[in-house]
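What follows is a pair of complexes built around subunit A, which joins subunit B in one and subunit C in the other.
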Partner chain A sequence: MFGEKALELIREFNRNKDGNLGPYNEDGVRQVLEEMQVLYEANQNDVAQLVQDTSDQTSLTAVQIRHDSLQRNKRCILAYLYNRLAKIRSLRWEFGSVLPPDIKNNMSEKEVQWFTRYNRSLANYMRSLGPGGLDLTQDLQPPQNVYIEVRCVEDRGELELNDGSKVLLKKNSLHYLPRSQCEHLIRQGVLKHIT
Partner chain B sequence: MDDFLNVSELTEEDSGDEQFTAAQVLEKLEEAWMNEKLSPNLMECKSEIVECILEQMQEMEDNINRAKKGDLKVSLHRLELDRIRYVLSSYLRCRLEKIEKHAPVLLEREKSKNDIEPSRLSPEEFAFAKEVAGNLETHLKMVVVKHMPRNLQNLDLPEIVPSPDLDHYVFLKVNKDEEGVIIDAETEDHGADKVDLECGAQHLMRYKPIEALIENGTVSLM
Partner chain C sequence: MLLTDPVKDFFHKIVHQRVLVMVALDVDALCACKILQSLFRCDNIQYTLVPVSKKSDLVREYEEHKEQNKHIILLNCGANIDLLNTLDPSEDVTFYVIDSHRPIDLVNFYCERQVYLILKHNQQEIDAIPDYDVIYREYDSDEEESEGDDDTEQVSKRRRFDEASLMRKKERREWEERRKEIIFDYEEFSYYGTCASLIVYDLAWRMSKDNNELLWWAIAGVTDQFQNKRIGRDRYVTGVLELQGHMSRLNHANEDEDNSKSIDCMRINFEHDLDLALYRHWSLFESLCHSISTVSAFKVWTNIGMKKLHQFLAEMGIPLTQCKQNYEFMDTKMRDNLQTLVEESALKFGLKNLKFQSFSAQYGFNHKICASDAVYSVNALLENIKLTDTNGMTDKSNFVDALEGLSRISAPKMKEGLELAKLQLQAIRNNVGTFIDVGQVLSYGPFLYTSIKEGSPDYKYFSHPTHLNLFSHYLLQSYVRSLGKSKREKAIHLPLVICAPCDIEEGISIIAGIPPLADDSRKNLFGNAFIHAAERTKSRTSHDYFDSSIITMKNEDRSKFIDALITIMT
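Showing the complex of A and B:
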C-alpha cells in the first residue's frame, strides 16, 4: 500500500526514541522519494487524460488517492528528518560540541553539516551574553556545594584547575575538586561524583 | 542575602529611572524564571534584568578574587555566585529551548507585530532564531524537498513546525486585583465569560486569556 515505507521510517525512529541516535536510513528515504515520483507521474498522466476527455471521470478517485499518498509521504519524511535533528540537538546539550564517534557515524553528511552550523549559532549566542560570554551548557543542576568529592573512572592525565594547581587523574583516584571545574568531566563519564 | 552581596555598594539603575537593589533584581529574575519555565509560550524579553545580573555576577567574581584565600566567606560568596549563575543559565536555557522548538512561528509573529508591543526576542535571540530557522529550511530542502515532485516543493515552515500550545492549562496565583477578565470571547450564543481575580487567590486556567496579565505582573504562574 502507498505510504508503507514512509511509515516504516517513522516506526524505526520511534523504536530508537529513548536511546541514542540510530543510523540514518538513506535507503528508506530514497525509496519513499522514488515512490513519490512514481505516484506523481501516474497522476500527471491521469490528469492529462481527465482534462482531455471530460466525459470519462473514472480516474478522478485514483488521482485523489495518489495525491493524498503524496502528502502523507511528504509529511512522514519531513517528520523523520525533523525529529532526527531534534534528537541531535539534545545530544549536543548532553555531550558538548564534539559528539562521540559512534553517534557521529550514525549521522548523515548533511546532518553533520547542520550540526556544525547549529554549534556556530549557539556559540555566537552564548558569546553575546555579557563580557566573555556565559556557557549555558554548564550548571545543568542547582549547585549543592562548592567542592565535591569525585572518583576518577579512567586515566585522563593532568587536569589544570583555575587557580593553576594541577591534579593527576589516575584510575580510581579520589579527588576533592571545585564543582564548576569538573562538571563537564562528570557528564562525559571520566569522573564519578561520590555522594 | 544583603550581607553577601554587599548591597550598599551595588544599587543598580533601571533604564526607567527607578533604582532597584541587588536583592530586588534577583527576585525579579526568579519570578521571570518561574514564569518562563511554566508557560507554554515564549515570554517577553527581560534584557535589562539579564544584563543587570550579568554585571553583578562580574562584580561578585572580582570581589571573590580580591579577597584573601581560605576565608570562610569566600566559599559562601562563591556558592551564592554559583546559585545565581544557575538561575540565570536555567532561565536563558528555557528560552532557547522554546525558541528552537518554535523558531518559524516566533519569527513570523515578530515580523507582523506593531511597534507598540514589546519584543519577545532580544536582538541576539532574534539572530539565533533566524539562523535556526534558516538552518532547518536548508537542511530539509537539500535532503528531500529538492527531490520531491514539483507541486509539493513548497515548504511553509510556520505551518509545518508545531506552534506553542496556548490552550495549555496553567496554575496561577493572583498578585493584584483584576476584574472582568474575559475567558471566552462573546459569541452569538452566549455573552462573554468573565472572571474576577482577587489578590491572593489561586486558579487553574487556560494560558491564552491570562497571557497579558502574566506579562504585567498581575498574576504569576506556580
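Showing the complex of A and C:
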C-alpha cells in the first residue's frame, strides 16, 4: 500500500526516541522518494489524459488517491528529518560541541553539516551575552545558590574540590558543596540535589 | 573544655572551614542537625553529615573522614565517652560536642584544647563535676626514686627517708581511694541534660538568626526528650516555658487583626494538649487504646478494662460511632469540646496527667501537626524496619528519610511516619496485654525483669533502642497499675530490665534498663551496673550504644549476667 514505507521510517524513529540518535535510514528515505517519483509520473500521465479527454473522468479518483499519498509521504519524510535534527540539537546541550563517535556515525552528511552550523550560531550567541560570554550549556537549570545540598546515592570514593580539600562520597551521606563542582556528578546521577 | 561563648569560640572559628557533623540517631539530634544545617547555609559553611548509631560507628566514620576534616561536631554523642582515647585524633583536629547525655566524661571536661563542650550553663551540673585537684595530681619523681637511692645512705638517714616515703605512699594511696570513690559516685547514675536542639537554637538566637522553623525543631527536640521519658515533667516544663517566650516573640503578628500574617506562613501555637498518642490522625477510640496513660489506667487488655473504657466514652457523652470514626470526620461540636469533656471524666476514672503543655504548628489550611505527633512520626521513620535493605544500610537510609520528614511539616514523609508510628504503637499495645496476662513480668528482687521471646510476631519492632524503651515504659506503668494496693507500693520503686532478641542469626539480644516510676529525675543506674555484671561473669557484651543503659550480648550469657546483676544490686 502507498505510504507504508514512510510509516516504517516514522516507526523506526519512534522506537529510538528515548535513546540516542539511531542510524540514518538512507535506504528507507530513498525508497520513499522512489515511490513518490512513481506516483508523480503516473499522476502526470493521468492528468494529461483527463485534460485531453474531458468526457472520461473515471481516473479522477485515482489521481486524487495518488495525490494524497504523495502528500502523506512528503509529510512523513519531513517529520522524520525534522525530528532527527531536533534530537541532534538536544544532544548538543547534553554532550557539548564534540559528539561521541558512535553518534556521529549515525548522522548523515547533511546532518553533520547542520550540526556544525548550529554549533557556530550557538557559540556566537553565547559570546554575545555579557563580557567574556556566558556558557549556557553548563547548568541544567538556572542556578539559584552558590552552594547546594546533595545526597550521595552510591559509594564513589574521594572527590577533590577546587581548593584542594577532599570529600568522601559514601552512600547516603549528605554534603553541602559549591554548585559548580558537583554539577557533573549530579548529571551522572551519583549525587542527588536535595531541595 | 566548657565553652563560655559559643558564638565567638565555636561558630566564628568554623566560619571558613569545612565541617564534619556526626549525628546520633535520635529525634533530638536530628532536630539539632536541622537547625545547624540552616545556620551553616546562612554562612556558606561547607559540611558533611554522617549518621552514627553506636560508638563503633563513631570510630569507623571518624577513621574514614579524618583526613578531610579538621573540625568535627558531635550531636548527641560523645560526651560520656573518652574521645581522646577512643578516637586518638591528631594534634590539629578539634571536636565540638553538643550532647545531652550525662555524666560528662571527666577527660572531655578537663581537656584544654581538642575537645570543646557546648552546654547550657547550669550551675548545678557544673558543681556536680569533681574538682580538678581531686582527679588529677602531679606525680612527684621523689616518690618513684626513693626506693632506689637508699643503699648508699647511712642507716639513720635511711630510716628517716623510709618514714617520709612511707608517709607519702600512704597519703597517695588515700588520695587514690578517695578519687575512685568520688568518680564512682559521679558516674553512678546516667541521665540526660538539656537537649541538643535547645542548645543549638540558643546559639542561633544569640546570632539573631532564629526563625519559626528553627523554633519548631527545637520544640520537637524537647518534646522528644519528654515523650521518651528521658527527662521528668519539671525539666520539660522549664524547657517549654523558655520556648514559649521565643514563640510569642516570633508569632506575635497573629494577635494584631489588621496586620496578621498570611495563612501561608508557618505559625506555632501554644496549647494545653491531651496526652493521647496521635489522636488527631487516628480515631479517638484507637488513640485511647494506645496511649500510655489510658492503657495502664483502663487495663485495655482485659474485658473489664474494655468495658470501663466504653463507660468512660459514654460518660463523656460521645456516641461510639463518633469515637471509632477518624478524628478528621468527627462531628465538629464534639471535636471542639473534646478537651473539656475528657478532662472532666478523667478524674472519675483515675486518669492523671492527661493534659500537658505543648505546641502545634500550622501551615496553610491543610497542614497542622502537634509536636508529639511529629516526634512519633520521626521516631518511627528512624527506627523503621525495612525488610528489603541490608542491615548496615538501613540506618543510613532511615536517617535520610527521617531528615526529609522533618524538613517541612507538610512533607509527605511525615504522613508516612505517622502510619509507621501507628503500626509500632499497635505492636506495643498487643504485647503489653499479652505480657501482663501471661505474667511474664517477674520480680527478681531489686528489679523487675521481662524478656521478649524470639518467636513472638512483633519482635522486630523491639530490636531498636528507642522503641524498646518506649515499650518498657508502657509495660512498667501497666504492670504497676495491675497490681494490688500493697504490692503497688513496693513496685513503684522498682526499675525494670527488659531483654529482646536483636539479631537472631548471630544469637544476640539487646538488654535495656529503665529507672522506677517514682523517680521523676529519671536517673538510670543501669549503665554502671551492666558493666560490673559483665565484668564479673565475663559475658560477651558490647556496651556500644551512646545510652549506657542499653547493651547487646550473646544469648547464652544472659542467665548468668542477670544473676550477677541481682547480686550487684542487692
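Criterion: the second predicted complex is superposed on the first by the 141 of 195 C-alpha atoms of A that agree within 3 Å, B and C clash if a C-alpha of one lies under 4 Å from a C-alpha of the other, contacts with A are read in each partner's own complex, and residues count from 1 in each chain.
Keep this in mind: a contact is a pair of C-beta atoms (placed from the backbone, for glycine too) under 8 Å apart; a residue touches a chain by one contact, two chains touch by 3 or more.
The model shown is predicted, which means the values in this text are computed figures rather than measured ones.
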- Query: A:Arg151 contacts which: subunit B (first), subunit C (second), both, neither?
  - Reply: second
- Once the structures are superposed on A, label A:Arg15 by its partner contacts, choosing first (subunit B), second (subunit C), both or neither. neither
- Item | Touch count on subunit A, higher of subunit B and subunit C | B
- Message: Contacts for A:Lys166 in the overlay, against subunit B (first) and subunit C (second): which applies, first, second, both or neither?
- Response: second
- Message: Quick one: is A:His193 in contact with subunit B, with subunit C, with both, or with neither? Answer first, second, both or neither.
- Response: neither
- Query: Looking at the overlay, what does A:Tyr176 touch: subunit B (first), subunit C (second), both, or neither?
  - Reply: second
- Query: For subunit A, what residues appear in both contact lists, the one with subunit B and the one with subunit C?
  - Reply: 146
- Of subunit A, residues touching subunit B in the complex: 29, 33, 36-37, 40, 70-71, 74, 77-78, 81-82, 85, 89, 108, 110-111, 113-114, 117-118, 121-122, 124-125, 128-131, 134, 136, 138-139, 141-143, 145-146, 179-180
- Item | Residue ranges of subunit B touching subunit A (in the complex, touch as defined) | 50-51, 54-55, 57-58, 75, 78-79, 82-83, 85-86, 88-90, 92-93, 96, 100, 124-125, 127-128, 131-132, 135-136, 138-140, 142-144, 147-149, 151-152, 160-161
- Message: Residue numbers of subunit A touching subunit C in their complex, please.
- Response: 146-147, 149, 151, 158, 165-168, 170-178
- Message: Considering only the defined contacts, which subunit C positions touch subunit A in the complex?
- Response: 18, 37, 40-41, 44-50, 64-65, 67-68, 393, 396-397, 399-400, 403
